[in-house]
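One chain, chain A, links the two complexes that follow: it is found with chain B in the first and with chain C in the second.
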Partner chain A sequence: MGVSIVPTLKVLKPVGMIVGVGFVGLLVGYFANAAFFPGTTPVQPIEFSHTIHAGDYEIPCLYCHTEARRSPSAGVPSVNKCMGCHAIVATDSPLVREVARHYENAEPIPWIKVHDLPDFVHFPHNRHVAAGLECQECHGPVETMDRVTRMAPNEMGQCLTCHRDMEVEHGIDCLTCHK
Partner chain B sequence: MPNIDRRSFLTLVGAGGVGAGAGFMLSESRKHPVEHLVPYPVPPEEFSPGIATWYNSVCSMCSAGCGISVRTREGRAKKIEGNPAHPVSQGRLCALGQSGLQALYNPDRITGPLVRAGRRGELEFDPATWEESLAELANQLELMRTAGRGGGVALLTGGVRGHLASLLELFMSWLGSDQLLHYDFNHPATLYAANERFFGESELPYYDIENSRYVLSFGADFIGHWLSPVHHGLGFGRSRQARDGIRARFVQIEPRMSLTGAAADEWIAANPGTEGILALGIARRIVDQGGYQGADLDAWRAALDGYAAESVAEQTGVAADTVARLADSFAETQPGLAIGGGATGNHSNGVDALVAVNALNHLVGNIGVEGGVIFNPPPAFGPTASRQAGLSRMLELAEDARAGRIEMLIVSNTNPVFNLPEAAGFAEALADIPQIVSLSTFLDETTAQADLVLPSHTYLESWGDDAPSPGVGFRVGAVSQPVVEPLYDTRATGDIVLELAHRMGLDLAFPWPNMEEYLKYSWREVWSSGTPDPAIPDFDTFWTSVVRAGVWGDETRAPGGEFAPDAGVVDGIGVGAPEFAGAEGEFPYALHPYLSNGLHDGRGANLPWMQELPDALTGVVYGSWIELNPVTAEELGLSEGDVVAIESPAGSIEAPVLVYPAIMPGVVAMPIGQGHEQYGRYAHEHGVNPIDVLAAQTEPGTGALAWAATRVRLVPTGGRVDLVKVGGDSRELGREIVQIADAGTPAAAGAPTVASATDAGAAVGIDVPAVGAEAAMANTRLNSIPITVVNT
Partner chain C sequence: MSLIDDFLARWHEYRRPGYYEEFDYHWTMTVDLDRCTGCEACVTACQAENNTPIVGEDAIARGRHMQWMRVERYWEGEYPDVKLRAIPMFCQHCDAAPCETVCPVSATYHNQDGLNAQIYNRCIGTRSCAVYCPYEVRYFNYNNHHWDEPLDQQLNPDVSVREKGVMEKCTFCIQRIRQAKDAAKDDGRRRVQDGEVQPACVQTCPTEALVFGDRKDPDSAVSLMLGNERAYTVLEELNTDPSVVYLKKVDADAA
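On to the complex of A and B.
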């Protein structure tokens, strides 16, 4: 037995503990963030519930997101549209009152985007609606969500799989989406 | 549980904390950045998010008045295209027109009213409110008006046409002032005067390049900047390629090859200022050869007596047999078209020279015929008398200012401090005007001198209308509508004037609440002047359709009418030798300033796209330069990049040399547009302004600035710079890019023949087989745009 490693271990032990505790902290921080502040389920400025509107009352998606039928962007309803019903419906709800306040002050509501594609992807809602796709195919069962969460990855594989399965003309050409 | 001392415990807590923080941030960094979806509280009816809305309007970047269609998304202007229904631009647009967006979104726009805080020209301004500024200004104006001193107000604007011009007239007449002036560096005053003398009308005719078979141009850079470049470019393209198998011939005469000259079959350099003499030499030959048989033949013979080929050759430097050849081919080819402009009209003999060019059209019978010169009907609306001020009128204004006769100068979107020669002393005269108010959009050199700045909208935010001049041979009117909401706290010029009138208590004379209402009111008259259309039962329908289409008017031109000049006119024909400022011995070179491709007269210098646009012929980007023929450069021992002082009797500037083969020896060419001291971050401190060294030389009849009539000398400074150029070398280096074919025989089918006449004075003849009619471009129908939504 030449050189003993015991002294070295003695020095390393506290360093190991520090690194170990730090690593555990890292994991805790990482998952705590993901659990309590999920990027895929942002907290909206007004807690609008799709469960009530699309679920319980079965209002069709395109009733509010009208533009999806004719425009590349689906659009979110104008405050005006909300007030179309809420001028008489549930006027005493605090959330509805908040909407009414925006309407009276002509102040737009800064909703947070849940589903987003990179700017280099051209995704026209109108063509997909025209092709008879259900909104849920990409957006998930929104009618069951109080807070909308991003279900599908909305990544290129998803687009290509679907375009292949449905035998979309030029569906897998680069320029179909990247233009 | 191991024993942990306090120190270790704190260390471990610290480690855990740092780890947790790092983990949190790591997770955060992997998230999608938060983006908002912000819907309108109440959306405008006419658009959907994600779908473009197009508005038709009118380009105001130069005075051609092209029709534009602007693509907007969610209330923002994204792209400007030509309005296909507008007969001037027919769906096309020039580079300057494209960059109108950069005027709209320019970061150096004046964003609200300003009052001067420091000394004049020091650019120290305090923000002000419209309410207070207008109230005070109106008060001042009303006091002057009631005291009978309204004549002390001068209103100086850029080239304004249509009902805005009428409104300004009305306003100034109520003030009791005759000092309403439009100043535009590029205004072809001498052409108006020449037309008045020869045709009896001070109007611009329609030059039917499209249907001509022979275009003989004296100095007119008609696809660059002259009059209506987009329209000319279209017509030129069709005359060269698209018509029943015959390609029109085109000869350009100018001392420095312009963009237009580069497209010519034959480019001829005559001594600067002698183009009119050359025209008369050609006229003489036509008459001698029996090409003209009018009743006044003897008068013509007498008038042209002094223009025999030899003497013309001696004065112009163009060989006698070239003169004869040009004359014979021009007389033979019908219909032909002679046009004159640019530097030809901006010499001391400019009007005489342009009359000589008009005379050529008459001698070969090309006036009032398709493919020749066609008279325009009077403008559909707007004032008839021109308020365009030449140099001498501006000098009068300066004189009035010095004599204390101008109490207030209101200046609107024109920049005489930059665009007048320093020798004119206009900038100094401003110091004698007690109050200067600017209604300009940008802080240019003139606005920098203002005491009060009431910034106007850009044209993309304003209501307006236009009756283009030159017209297209038939009546055309166009409405310009806002395509976006105003970006800043600015107002439309018309609205400012109406507001002032109202505050002065002139409501009865100005009963319109704003420019839009004034236009509607005025257009009722336009409506009733047209042929009744059962599909348009009332004015509102008419107005909606005009605004939607962006244009209104007739669709066909009616050439015709016999034309003969008055006897006195023929007797008076003659072009004298040009007079230059600066003796030839002391100042050996003629300075040939030209409007640069993108910067125009300097107005485009604050647009980054235009600053980045390389000069089409030399390939130089950024800054200023002078162009010298290789012979001249060699004489002076100069090569590319050598900085020289350009000294004239009026001043001196410095610029680097570019050796350019397509310019006459003995001529120094220089682009106009750079050399701004103000005008925003993109414009200022780039290059120099050749207008600074121009002598205050005028064409005597019109008082217009003869900007091609200054001589200079070149003094090497010893400095050197590298010119930034695209395209590398202008020589062929054995690549056989230029192929010369005989002008008489069509080039062999197959490889297209490309000509770039880089060899000064070379006649490059090319002929391209016909490519068939351009059916899509053939017809212009008004009211045919389906995709425009009316702005309400």
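On to the complex of A and C.
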């Protein structure tokens, strides 16, 4: 008496259907998410490239984001700081001319914030810079990004893991980060 | 029978009287009732510092007021021979806090600085802590509150704006304590010095009735106040062991 494969096929058919439909749904969902929720990679008002500045010319992060050293908020460099170099450097570029237009009109460039922590989190940049953390540990390899993407989830687990590994004093007390 | 006797005999061991000695700080506030005039400047300062919402007339009529700090008034005697006693009342940051043991999700707990912490994200709004608090100093957000233009510009960015359905209370201005600790670390110091941290109410008090500091530091202003013979804690018989110590008012005509 041989063993029939018909019952096995009967089971496999619906399983294959479910897996197939699930896979198609996954693909559709992934692209829909990327298309309709582009929050992780916003299009900035001026196509500023970190690849050129931080990657090719190796300008340190803290040269422009200088407030990260001394204030809880890292801050975005002012137009004045951009023009510090671009009054002489690459003045022909249309993007730099756009920056210069903002400078002459004395209006800030409406940059879109990429890494935005919730309002209930206390994250002092100055303390973390003083502790010797690399910016890339939370912000990802920004120097290779033309358009900055939020790489790390920057969720509570990440804070706790790092605080445990670095043996921060009372690092896992709730009131250290929650406010 | 012997089990109960044994339990009663070792009661103080179970309470672990030295438990808080291993903590770093023990933040304490003293309220000198002899200096307090009941002006409620502390109440206003607290409201401004901690983004406390103004709930409105209807909510107050339903007992849903929101005020981390209040000045209780007690009238004594018959007219015209009446006396007013004002007692500022806020979270007592009890070392044996009844509110902490009843929270089902540990949203309120005691941290290493002797503070009674409240984590808003964790709170699910059972309100049991408010029921168990003998001082009635916990307040519940029955609604989402909003601030009209331009009042939303005066919100303190160091304090989160609480949402509907969470409990809130005095934090001893944790944002200022945190800031002082950060500043101390930036200076390379191990500890915060006396007088570096002042909650909003202490900073505002015109008669300096409120004193805040670390009880662990024997030379701090608050430690000196604790040695005063007028010192007492409110509802001492409940054994909550509060971190807020009151100094009794002295009557000139009583002696």
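By our rule, the second predicted complex is superposed on the first by the 144 of 179 C-alpha atoms of A that agree within 3 Å, B and C clash if a C-alpha of one lies under 4 Å from a C-alpha of the other, contacts with A are read in each partner's own complex, and residues count from 1 in each chain.
Rule of thumb we're sticking to: contacts are C-beta pairs under 8 Å (C-beta built on N, C-alpha and C of every residue); 3 or more make two chains touch, one makes a residue touch a chain.
This structure is a prediction, so every number in the text was calculated from the model and none was measured.
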Partner chain(s) touched by A:Ala100 [first = chain B, second = chain C, both, neither]: neither
Contacts of A:Leu160 with chain B and chain C, given as first, second, both or neither: neither
Partner chain in contact with A:Leu175 - chain B first, chain C second, else both or neither: second
Contacts of A:Asp119 with chain B and chain C, given as first, second, both or neither: second
Per-residue contact with chain A, leading partner among chain C and chain B: B
Contacts of A:Met151 with chain B and chain C, given as first, second, both or neither: neither
Contacts of A:Pro108 with chain B and chain C, given as first, second, both or neither: first
Which superposed partner A:Leu27 touches (first chain B, second chain C, both, neither): first
Touching partner for A:Ser78 - first (chain B), second (chain C), both, neither: first
Which of chain B and chain C A:Ile46 touches, first, second, both or neither: neither
Complex interface listing, chain A residues touching chain B: 14, 17-19, 21-34, 37, 39, 42, 67, 70-73, 75-80, 102-103, 106-113, 116, 125
Residues on chain A engaged by chain C in the complex (per definition of touch): 119-120, 122, 124, 126-127, 130, 170, 173-175, 178-179
Residue ranges of chain C in contact with chain A within the complex: 24, 109, 111-112, 115, 117, 119-122, 157-161, 174-175, 178, 182, 185-186
Chain B to chain A touching residues, read off their complex: 8, 11-12, 15-28, 30-32, 34-43, 48-51
